[in-house]
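Sharing a structure with you now.
For reference, chains read A, B and C in written order, and residue numbers begin at 1 within each chain.
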Amino acid sequence: MKYIIKKIFFFILTLLIVVFLTFLAFQIIPGDPAVSLLGTEGTPLKVAALREEMGLNKPVGERFLTWVLNFMKGDMGISYSYQIPVSELITDKIPVTFLLTMLSFAFIICMGIPLGIYTSKHAGSRLDRLIMTVNQVTMAIPPFFLGIILTYLFGLVLKWFVPGGYISYSDDFFGFFTYLIFPAIAIAFPKSAMVVKLFRGSIIEEAKKDYVRTAYSRGNTINGVLYGHVLKNAILPVITFLAVVFADIIAGSIIIEQVFGIPGLGRMLITSIQNRDYPVVQAIIVCIAFVVLGSNLLADILLKVLDPRIKL
Amino acid sequence: MGNLLEVKSLSITFEGNQAREKVVRNVSFSVMEGEILGIAGESGSGKTLTALAIAGLLNRHGAVSLEGEILFQGKNLLTCKREELRRYQGNDISMVFQEPMSSLNPVMKIGRQIEESIKIHGTLSKKERKEKAIWAMECVELENPEKIYHRYPHELSGGMRQRVMIAASLISNPRLMIADEPTTALDVSIQHQILKLFQKINRENHTAILFISHDLSLIYHLCGRALVMYEGSLIEEGNTKEIFYHPRHSYTKNLIACIPTYEKKV
Amino acid sequence: MKKPEYHIVFTVVLLGVLTFLALMGFIHTPYDPDAMNGLEKFAAPDLHHIFGTDHFGRDVFSRVCKGLGTTFFVAVTTVMIGALGGTVIGALTGYFGGILDEIIMRFNDVVASFPSVLLAMVFISILGPGKYNVIFALGIIFIPSYARMVRSEFIKQKNFDYVKSAKLMKAGSFRIMFLHIFPNTTSVFMSSLAIGFNNAVLAEAGMSYLGIGVQPPDASLGRMLSESQAYLFTAPWFAIFPGIVIILMILGFSMLGDILQQKNGGI
């Protein structure tokens, strides 16, 4: 319990640091937000008034505090290019990216874990060697290229889906869900290959340990040893890795959304970067930071539950 | 008393890519019901491999070939099916290993590890198994068994962990307990307590014990009969006292000479 | 054990061919990679254009070579910045320890837990796109992971007897750090260079695909992929060849990393 509280404390602390750093980064950019916001209508008088209104004359520390407090209330500022509140822009994008991420993660678990167990059980067999060779190549495929290949194969040749024919979740949830399957596969495939490799190696390493011999001496079957003893030890490094994978999925989804034309957070982020729409960029980065750090926190807690040896 | 275990001309060979190495040569001996038999020898003499072969733990490695017979209650363990062998493992034959540190699963509670063999072989309920585990822990003189039941291996000292190992191997009331250097990794003071424990188990449960050690003085204290192995062969067999005072082989003489002198006067 | 040797031969040949193609991209390509030819739009692969041509009639093979050259350049310089910076920081913090070490490492942990593409995007949104900005952004972002690796190696090594005896001989700290300890970390260091190279390739290709990485006239494999997407049905080769080259490059370096790691673990 003490461990979890400490971890949560560090989670909040790092989140604050990350938020502060992004805030600072966008403060040092040349250019005046008030000028950007007003665009062509900016007269010196209007700019001065807006600066006053936005609190830009106040010191950085104070501005940061108000920004954080506003952010927690859901006020993320106003987009330069759309002139509407950022929160309005991103709230309907969050479910899209969220589902894409979760779907990819589920695919990674469903492919990586069973294959890792299978290949380690049959290590050295012909099928294992075949799988591991395919695996090595799969690991090297950039997700966005896999996305392009999937679009070509299943979208253009086999016509299983319409490329670019994204369906909004508010119109047709089932259609929306099925449209996300191929993008999720594109993200998940290379990552699950990495999970297979790591898990297989970890199981094989664990199987050499002394406690495995003890388990056999008690009359366990091979499966009894594997599922009762080895897996619980071998999964530990995989959990740490899965937290990293989760962060990578989010980064991957930014690109994959572009490949498949999905209007999610990632696409919003890219357009905002290209338009230098900083309030939006800032808000999205903070949201992603929250998720990335949160997944690390979850992994830490899960590890603590599974491995009694962990101390802070 | 009849023979519980009979080993007949057992040979163990490692099959490397090019070289074959015979590490146990033509070893024959028997263990009687309820006795404590010692096997002495330096590391690499083949004593541990012999023990692992009896416990059925060698055939997992493909690179080992076994010849001869290992008869347990008349049944040849080397030729019987894996499924049959498994029914003996942890049930009639149990093992205590050298490294109490690494021989326990680090992420499994002590209680579950102690009762694992009766869970595999028996039909007891969860509650009955726990009672039996507590009984086994009391047998090996672990204090606060209820508490330790819910602990993890890393929370216990080396000596306690070895007691846990012994409790786990006596819980099924085996006919034969194989102890491979069970005290080597422990402090001398704890060694002594563990030896007493083996004597107690042997006396009270009538369990035969195959006690393997490089330390001849331990064997002298514990075992009625002893074997000495050297480079894979059996070079001495007989009553412990006789081996101790009238060694036939020069290697045995050297082994005895290594024991500090005050011990010999015992 | 025959298998690992095939492994090594395959890796060396693969990386050799890719390096050769990248050098071609710098020195001489069969066609001018930027020369447009309206008559030869979307030509399928044949003996003249072995990878076909694109929507401007440019030779895809020549463009792949040039793009490969750019990717190599970006990845090598990025890894150099990251490794150099990381080594200095990791060596100092690992060797001396203390409160500064604590602070820097906590900061490093945070940065290292973020995907590099994402951090690079933050940099790019501030600096603007372009080859050198990508190099700068990725280079800075790679520093923490190298610092972490070098630091843990230094902490391991500094308690070894050879360091203690060097200290007894009154060797200076910097002498010990870079002449005594550093050579002993090379095997770990080399395999992490290969991994870093791959991360750089992936990040660069991804950002260029998104249009916020390398900008024209610089050719880039990622950019080619994004341009090709609109013509996927008419000219699949325009997408497939740059993609396969990226896969081969990442495959080669990840195998190189594995080999280096095995060598290191085997000793």
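The rule we apply is simple: contacts are C-beta pairs under 8 Å (C-beta built on N, C-alpha and C of every residue); 3 or more make two chains touch, one makes a residue touch a chain.
In this text, all values refer to a predicted model and were calculated from it rather than measured experimentally.
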For everything except chain A, show me which chains still form connected clusters by touching.
B | C
Taking each chain's centre as the mean of its C-alpha atoms, give the chain farthest from chain A.
B
Any chance you could check whether A-B or A-C wins on number of contacting C-beta pairs?
A-C
Chain-centre distance (mean CA atoms) for chain B and chain C, in whole Å, is 54
Report, in whole Å, the distance between the mean C-alpha point of chain A and the mean C-alpha point of chain B.
52
Calculate how many whole Å lie between the centre of chain A and the centre of chain C, each centre taken as the average of the chain's C-alpha atoms.
22
Which residues, counting only chain A, touch chain B once they are in their complex?
209-211, 213-221, 224, 228-229, 232-233, 236, 306-309
Touching residues of chain B toward chain A in the complex: what are they?
55, 57, 60, 86-91, 94-95, 97, 99, 102-108, 116-117, 120-121, 152, 154-155, 165, 168
For the complex, give me every residue of chain C touching chain A.
106-107, 110, 113-118, 121-122, 124-126, 202, 205-206, 209-212, 222, 225-226, 228-229, 232-233, 236, 239-240, 243, 246-248, 250-251, 254-255
Touching residues of chain A toward chain C in the complex: what are they?
14, 17-18, 22, 25-26, 28-29, 136-137, 139-142, 144-145, 148-149, 151-152, 156, 163, 243-244, 247-248, 250-252, 254-255, 258-259, 269-270, 272-274, 276, 278, 281, 285, 288-289, 292-293, 296
